[in-house]
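There are structures below to look over.
Consider the two complexes below, in which chain A is the common component and chain B and chain C are the respective partners.
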Partner chain A sequence: MSKPHYDRNHHVEKATDIGDPQCFKGEAGKPRFKVGDRVRVRNLPDIFYTRTQGYVRGAEAVVAELVYESPPAEDESWDNTENVEWFYSLVFKMADLWPDYPDYFPNDTVETEIPEHYLEAA
Partner chain B sequence: MSDDKHDLHSPAPMVDEVSEFEVLELAVRELAIEKGLFTKEDHNRWTEYMHTLGPAPAARLVAKAWLDPEFKKLAVNDGVKASLDVGIDWINSMPTNFGTPSDYCNLRVLEDTPKLKHVVVCTLCSCYPRPILGQSPEWYRTPNYRRRIVRWPRQVLAEFGLQLPEDIEVRVEDSNQKSRFIVLPVRPEGTEGWSEDQLAEIVTRDCLIGVAVPKPSVTANRKRPVRRAVNPYHH
Partner chain C sequence: MPSSIRDKVHRHLDICRQIQPALHQETHAPSPDMIDNAHFRAYTRSPHDIGGEPDIPITWEEKEEEVWEHNTFVTCEVLAWRGVWNAEERRRRQNVEVGETMYLGLPYYGRWLLTAAKILVDKQFITLTELQEKMDEVRKRYE
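Up next is the complex of A and B:
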């Protein structure tokens, strides 16, 4: 049997001189959410890899910024770059994440980036 | 308890521990070299490149932003472009020319205000803006810091000697995807009329991560005493 051929260079060829995530710019289409929207993080099942933290799942947040377009890490970790989507920077209230967060710091927040398919309107 | 002369808010000691991931990295690296995926020389070249990096360019970026409102606007809107002015090219830096898988080319500069204080963490691993800030400090990579800063940010900041009033919003920036972050702190009082060089000197690495704020007389990170682990990790 002949040796299988693996294309290990397609990412290098795409990203050189452009940068990653810049090399995926314009591939995600129209974003579903805009700055200021309230969204909830869906608790999707993940096989082996995810970059959506357990502590934000099910929590509501406000979209602070549309940051860039990229395949989600869950796909990219398996070298699947077909489904490019928008990434949103979300701001969560600490009190929404941790029930026992002290009341006297009501303004404290966490900001983190989540890809579009994890989000639903809240 | 601690032998350093401590003031009211002196830093609390850290525990000296080796993480499983460091052991894992060593094992994978040795396997990769044996398998011929890369050579020992490749690894040395990479390591030497990494050792040329440090926090000086980021400190310079902050000092420039304090002095030039136009540059501040650029830094906040396009950190990658602003980095070029301090000699850091995120897109075409050695040795890969597109950043590394863990140094994606999307720098976001987080602007503090008198009512908002940012602090950076990577709860999932230890993402860090290495091209502009160098290697992350040991404590930044520990599960201890990563777990607790999103849960009890004020307590952890207090361990670094930074106590913030209640009316300031603490915003923990969890660096979980392709953006990397540095903090643009508020310019401290007592620095009126300072030159860019003078200002850059007080912007320490800890100020850029957000666990400290710049002070006119402080030009080094505060040393945190290290205590031996009670149950050290053996390997």
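Up next is the complex of A and C:
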């Protein structure tokens, strides 16, 4: 019986003394969005694995910060680290996320990090 | 289009809350026409994505980590240093691959420890027979 061969050490060698996601710095190319841009979260299938919360899908947000470059969780969790992309810290208005959010807190927001391939211009 | 996505998101969260595992609930082996697209998505989502699902408040308690929890953490870190998994694969296995029943039902480090054993079997570093024999050997020390 044959056994699969796992390339066990490539990630630990790349990240040792540097850190993850710091070890992917410079691999994502030019970012599609900049701070202040309005974006909308794509409603991609969430089968098997995702870290893009269901409750932000289809909602609009403002880019607060470009935080780091990394493979998306969906890829890195199977050790696919070739496709590195920018991660954006996005600010959503709570009232945009929750239909019954009370009117007397109109300025409440939530901020969370989403990878670039989930985003489209709003 | 976005507003219809938002409607789906909130319907999705309602369904997810309803399918949280409960004992004595007759949901086994549904016929295909009992599962529409919305229910398929709810069942196949990543069960750690619980944000927005209504639930009752739970009591917050200050609790120091126990020795077995520290040992479990160190074991999982060493598996990463030896290239058995990276942090994201560890999270996927601990939070999603365990399934919704174990995600909600086991203690936090219980899921870490179970997953550390599982990946060694999945990637054929040990066989399941070896694991089961070792567990039986250790259990006998306490009988």
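Quick notes on this one:
We adopt the following convention: the second predicted complex is superposed on the first by the 116 of 122 C-alpha atoms of A that agree within 3 Å, B and C clash if a C-alpha of one lies under 4 Å from a C-alpha of the other, contacts with A are read in each partner's own complex, and residues count from 1 in each chain.
By definition in this document, a contact is a pair of C-beta atoms (placed from the backbone, for glycine too) under 8 Å apart; a residue touches a chain by one contact, two chains touch by 3 or more.
Quantities reported herein were computed from a predicted structural model and do not represent experimental measurements.
Partners chain B and chain C clash in the overlay (superposition on chain A). Legend: residue contacts after superposition of the two complexes on their common chain; A:73 is shown touching both chain B and chain C. Of the two partner chains placed around the shared chain by superposition, chain B and chain C are both touched by A:55. In the superposed model, A:12 lies in contact with both chain B and chain C.
Touch criterion not met for A:83: it reaches neither chain B nor chain C. Contacts of A:107 after superposition: chain B is touched, whereas chain C is not reached.
Of the two partner chains placed around the shared chain by superposition, chain C is the only one that A:47 touches, whereas chain B remains out of contact. In the superposition on chain A, contact is made by A:20 with both chain B and chain C. The residues of chain A shared by its contacts with chain B and with chain C are 12, 20, 51, 53, 55, 73, 97-98.
Taken together, the chain A residues at the contact with chain C in this complex read 3-4, 6, 8-12, 20, 40, 43, 45-51, 53-55, 57-60, 73, 76-79, 97-99.
The part of chain C that touches chain A in the complex is made up of residues 2-6, 8-10, 12-13, 16, 41, 44-46, 49, 51-52, 80-89, 91-92, 96, 123-124. Interface residues of chain A facing chain B in the complex, by the touch rule stated above, are 12, 15-23, 51-53, 55, 67-68, 70, 73, 87, 89, 91, 94, 97-98, 104-105, 107-115. Note for the complex: chain B touches chain A at residues 80, 90-92, 96-99, 104-106, 108, 123-124, 150-151, 153-154, 166-179.
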